[in-house]
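Attaching a single structure in structure tokens format; questions to follow.
To keep things simple, chains are lettered A, B, C and D as they appear, and every chain counts its residues starting from 1.
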Amino acid sequence: MNFDFSDDIKAMTAEVRRALERSCNMAEVRRCLEDGMFHPGGLISKPAWGVLAEMGVTGARIPEQWGGSGLGMLELAACAEEIGRVCAPVPSLPSVYLATEALLHSGTDSQRERWLPQLARGEAVGSMCFAPIDADGERLTARYAAVPAGAVADFLVVMSADDCAVLIDLHQDGVSRHPLRVLDPGSPMAELALNAVRSEPMNCPAGSYQGIRNRAAVLLAFEQLGGASRALDIARDYTLQRKTFGRTVASYQAVKHLMADVWVKNEIARGHAYHGAWASQTNDPALPLAAACARVSASEAFEFAAREALQLHGGIGFTWEADIHPFYKRSRSTALSLGSSREWKRRIAQLLHRQHMTIAHEL
Amino acid sequence: MNFEDSPQEAQFRATVREWLAANAEPKRHPRDFVGDGLPADQRLAAARVWQAKKAAAGYAAVTWPREFGGLGGTPIQHLIYLQEESKWRSTFGYFEIGIGMCLPTLMAYGNQHHKDRYVRTALYGEEIWCQLFSEPAAGSDLAGIRMRARREREQEGSDWMVDGQKVWTTGAQFSDFGLLLTRTDPTVPKHAGLTMFFVDMKSAGIEVRPIRQMAGESEFNEVFFTGVRIPDEQRLGPVGGGWKVALTTLMFERLTVGTELGLLTAQSMLSLLADRGDLSDPAVAESMADAWIVDEGLRLHQCRTLTALSKGSTPGPEQSIGKLLKARQAQRMSTFLMDLAGQGSLVVDEETDSLWSSVQRTWNWSAALRIAGGTDQILRNIIAERVLGLPEEIRVDKGIPFNQVTK
Amino acid sequence: MNFDFSDDIKAMTAEVRRALERSCNMAEVRRCLEDGMFHPGGLISKPAWGVLAEMGVTGARIPEQWGGSGLGMLELAACAEEIGRVCAPVPSLPSVYLATEALLHSGTDSQRERWLPQLARGEAVGSMCFAPIDADGERLTARYAAVPAGAVADFLVVMSADDCAVLIDLHQDGVSRHPLRVLDPGSPMAELALNAVRSEPMNCPAGSYQGIRNRAAVLLAFEQLGGASRALDIARDYTLQRKTFGRTVASYQAVKHLMADVWVKNEIARGHAYHGAWASQTNDPALPLAAACARVSASEAFEFAAREALQLHGGIGFTWEADIHPFYKRSRSTALSLGSSREWKRRIAQLLHRQHMTIAHEL
Amino acid sequence: MNFEDSPQEAQFRATVREWLAANAEPKRHPRDFVGDGLPADQRLAAARVWQAKKAAAGYAAVTWPREFGGLGGTPIQHLIYLQEESKWRSTFGYFEIGIGMCLPTLMAYGNQHHKDRYVRTALYGEEIWCQLFSEPAAGSDLAGIRMRARREREQEGSDWMVDGQKVWTTGAQFSDFGLLLTRTDPTVPKHAGLTMFFVDMKSAGIEVRPIRQMAGESEFNEVFFTGVRIPDEQRLGPVGGGWKVALTTLMFERLTVGTELGLLTAQSMLSLLADRGDLSDPAVAESMADAWIVDEGLRLHQCRTLTALSKGSTPGPEQSIGKLLKARQAQRMSTFLMDLAGQGSLVVDEETDSLWSSVQRTWNWSAALRIAGGTDQILRNIIAERVLGLPEEIRVDKGIPFNQVTK
């Protein structure tokens, strides 16, 4: 039994944490959110993204031949937690966990050659949509209502549930982008209208659609977990220094028990996230169920932690100057990426039912 | 048992309806107020006109005695007026605090001159009042305020010099006067060292700064006091007697029943779900039922409260139930509906009157509403202590001079 | 606006409460539960049932010509709350709220003549099953798995969803009863096997099935509400006298807030119950929705109140000698009578949807 | 990251498996224990035989030093033994408390004679021990016990006379000895006046009475002491030093990881729902997922704890999470399944090994389990204070002589 990250991974993530804390403190996060509120779509925290590129996180999974660090899922997962901890306004989900993974698993040689080195250096940003593909030869006309990082992405992967995928270079005629105002300006989206643009087919093995969603769900779960632990830390620190009626707020039992409940949910989510990382890394048959459990428990833990951490701040909690509201917003936007908890819960029930029937059948 | 007006209530309602039909403009949509669409200053001017009309007819303060321009009516009559008015274009956010809380306090603790000078102008909307109680370090623990008022000279009747900061002041930016709670003696236990004043908001040394909320908008202010001079004549109640005056104000706050919180209702949720065709999903159906039970349950609870009111009782701490449930329910409902609709529901709906924009506003605002006007935790304390008679929280600062309580 | 019981009703229920408290204290309830555990099926608290008959509660809705008190639904509802408060082990639901109501609304003259006077005096006990009726002429052969008060009932009404009903005298050949061990011995049930027994048709107007279920749901909601308030009272009294770490248990914030939450749920349930009583009394079109809301909110309030009141007792709470466990059991058995909250919630959604469509159509 | 045994663990597991295959009987159903179906006394006798076999092989106390008959093994090895043993007929409810908690305390605080006399007989199941700590007025607040021990004569070494009542004593009815926490000095603050003894359960003046639980069964006892004489030789630790000894015992309690609570699992829930064909209902599906996430989440949390253990850390308060979640989850699941099945699920399923009888047992037992071994509230306090480092509850009895604390 060795159900923990290795000391090497821990050392690596400790460095990522230090670098992110330096480059992306809450003032930087608020600055990005403010910017995103008034100039929707364009946002990216350059210092944070720079650190991630420099430390090999954007290219974590990219083999060294294309300039990446050639690391495993465990390493990337551990880094994702750090991204979530600082609530970094960076396109990690669309670009690193989705588009890059799609290229790695389903890209043609020339597609990889073209994009992976830039992705590794953090110079290119990718995005991804899960949608049916209705291409006319190599020309695609389509409208995607809310594409993550859609205003800044350099290319887009579109993948359909029947495991077809195309790649679209977004720097071409026929692409028009409409940045959107969103509830979490730290996770910007844009509407993309594609008018007879050139789309390049990808090599998509069977199971790609669900496989990439499962792995991205696990990585996003680590971001959420990072956000959830940080929200708890912020609430703990605040209530320990804030006084009311002559006592620290943290000394009230209702406050203590609320934080205990947050901690419990976070612990449960952590177990599932680790399990998901292990299953992704080893490509274990447990992956679909593990990923779904990781996704649901992390979404719920993050939303609970952020919501109640905000509550524990009292009035200051809903002001712009507080450090907690970016987490409240991020908890909502991450919960709705890749499909909501409801959908993943139903998937869990289906997978369990199938598992049960298989076992019952074997008996 | 019935939901109908009593004969007297029905008669009052008929009179009100007649007056509104003759004087008010029809509402074009649920959030349509007097001056809708105009710039802020013109909107306020239009609101003052409507307020003056109401005041002339006695409806600006139904429960006030006639000598102060009210109708000498009951809380139920006040509510009937509000129910009927809500069907017409009216105003919101300018006069409630002054007429609901500040002026009643002035009437209770002011002298004849105060009453003559300030009541009528406030009632007619000519002057607006705000309430300056909360401070950064004194939210739930209101008696912990620090804003310092010192006599300019050590003698009776001397002016006071005030320094410090207030926060969460609604309407400070357009208010003419403010009801101000200060600390005049930090060497006695916290409740004993407070004194109440009212202050001219245009006094030198007062600075109003909007507070930016998490969704980017500003509905409250911080108010900074630097060497603000207040004549002793503007003191309400004795020096050191401010806590009792504040309690009076807060008691009047409780009387402002039926305030609309502007949140998503179960009825709107039903519209959204029915339009989406989602109610055939049993999980959605159960959530819909849960939401309905809370909303409708609060309406029925309100009916019980009104029944008690009309039998002569005063509104008690039982009212805490409304905000406690409503705010959490709003947070749950808005989250649920966004979950159903998926990632697209993160895109801000620019049409401010749509159901979806109300879902989004509710998601942001419910987080604040679980705090503003008493946190969930404080409200549970109130219910536990004042309704169920359970022991009070242990107060470690009890009887200790304010300036000696561990900071 | 007069949304409260009248002073007359309040005075009447105060008397019922005093009488029930005298005749049916917790020692009597425990005695009945113990008896019911070892001699399943036969239980009834004679003193409590006697009081209810004497004070006109068993015959509340029966017109005076048949020896009843001819009262309205409001009066019976108010008394039901008192029955719930003392957790009385009596067949109020099957006999008073169901069988008696069925006779009143759908009985033939001779059926009424025969049973109503005995019911009013509390000398007869009725029960009711909601099931399809497959009678061969006047002879019925059927098996009912779990009939409330089935071991002691004198007659049984069976009603089907398409508004057919028959009455069966249970003192005849072909009736065999098998008393059952149940989780709440205070609400005993028996399996009834009927072998070609004589069944008498009733006069069932359209809408009877749902109508009688709605009214019974409201009355049962009042019982549940009584149980919920009493459970809170018991928890409050206990935690106010019990000390731990030198303080009364009731002084801990977690304990206070839990009781505040119980109170809040009870208040919401009370509004719905009153609404249901009013709608039953006035036969208002709001009845179906009001009854469903009353049922769900009262079931949930009672289960929450009983469960957490038990919890607030600490160790003593799960001993036989504590006063709280009969409420825990009753909260479960009442929640499962007349269909669970799940079913009623779906009904609420259906009714709301229909209402919404009607309004939308009218606009 | 992996879930496999380390090479050393794998080797130990193989040895254990071999021994069990040679010595144990196969299990016929999940709740099949040694002596299943026999009368209580024969069942106990059979349990003693199995215990002696285990003891002879060193498996009765894997973590004990070899000198005391253990294997000098690690907590992980102990757990591996338990995992493997659970696949065979074994015993439950007789020896855990003695070997897990009482004897380790005796080894820590007893003298050489004690160790020689009591350890081996307990290990081999010849003598059974129970723990006499809780009292009616001292549950969560264990240091508030009142059982009074007085020296018979005012001199060193004199016998002690003990009066009072203990409660929740598992196994008292068949125990030979009990570890007994008493109050020897009520005039000092509560933690300072306690002294630990062990007592012969057959002493004159001890009466064991079963406690009837709410579902009618009796799994615990009250134990009454009336003038029970205990030789000073049976004192463990100094007079007034009982709290420290008790903390040692409780620390060992925490080491008894992985105890099976016998409640409904999410896996059983899945079987029931799949059999009923209910999983196509989305509301049911979501509840199934919720239950699975908690159960599986606890298993994974346990895996993280074991990882930490195998790296040499000691089990901390983080373990509180298990019972806190499990008990509430059990209450929710059993209620949910009964709701689904309807009124018929109230009929007691007489087949004690069926899934439905486990639902019903769980519904009753979960209410107790949210209390026994630390209430939900105490566990949250522990997490808040010892894991998150939040302030302790205000102790109004701190430093006050026990007999002066407000009763």
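To be clear about the criterion, a contact is a pair of C-beta atoms (placed from the backbone, for glycine too) under 8 Å apart; a residue touches a chain by one contact, two chains touch by 3 or more.
Since the structure is predicted, the reported quantities are computational estimates derived from the model, not experimental observations.
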{"item": "Which of A-D and A-B has more C-beta pairs touching across its chains", "value": "A-D"}
{"item": "Chain located farthest away, centre of chain B as origin (C-alpha)", "value": "D"}
{"item": "Rounded Å distance, chain A centre to chain C centre (Cα mean)", "value": "52"}
{"item": "Geometric centre distance via CA averages, chain D-chain A, whole Å", "value": "42"}
{"item": "Chain centre separation (chain A, chain B; CA means) in Å", "value": "40"}
{"item": "Multi-chain contact sites of chain D, meaning residues that touch two or more partners", "value": "282-283, 285-286, 377, 380, 393-394, 396"}
{"item": "Per-residue multi-chain contacts in chain C, two or more chains", "value": "252-255, 257, 342"}
{"item": "Interfacial residue positions of chain D with respect to chain B in the complex", "value": "281-283, 285-286, 394, 396"}
{"item": "In the complex with chain D, residue positions of chain C that touch it", "value": "34, 37, 145-146, 180-184, 187, 189, 243-247, 252, 254-255, 303, 307, 310-311, 313-322, 325, 328-329, 332-333, 335-337, 339-342"}
{"item": "Of chain C, residues touching chain B in the complex", "value": "1-6, 74, 232, 236, 239-240, 248, 250-251, 253, 255-257, 259-261, 263-264, 267-272, 274-275, 277-278, 281, 292-293, 296-297, 342, 344-346, 348-350, 352-353, 356-357, 360"}
{"item": "List of chain D residues in touch with chain A within their complex", "value": "1-6, 9, 76, 270-271, 274, 279, 282, 284-286, 288-290, 292-294, 296-301, 303-304, 306-308, 310, 318, 321, 324-325, 377, 379-381, 383-385, 387-391, 393-394"}
{"item": "Residues of chain A touching chain C in the complex", "value": "252-254, 257"}
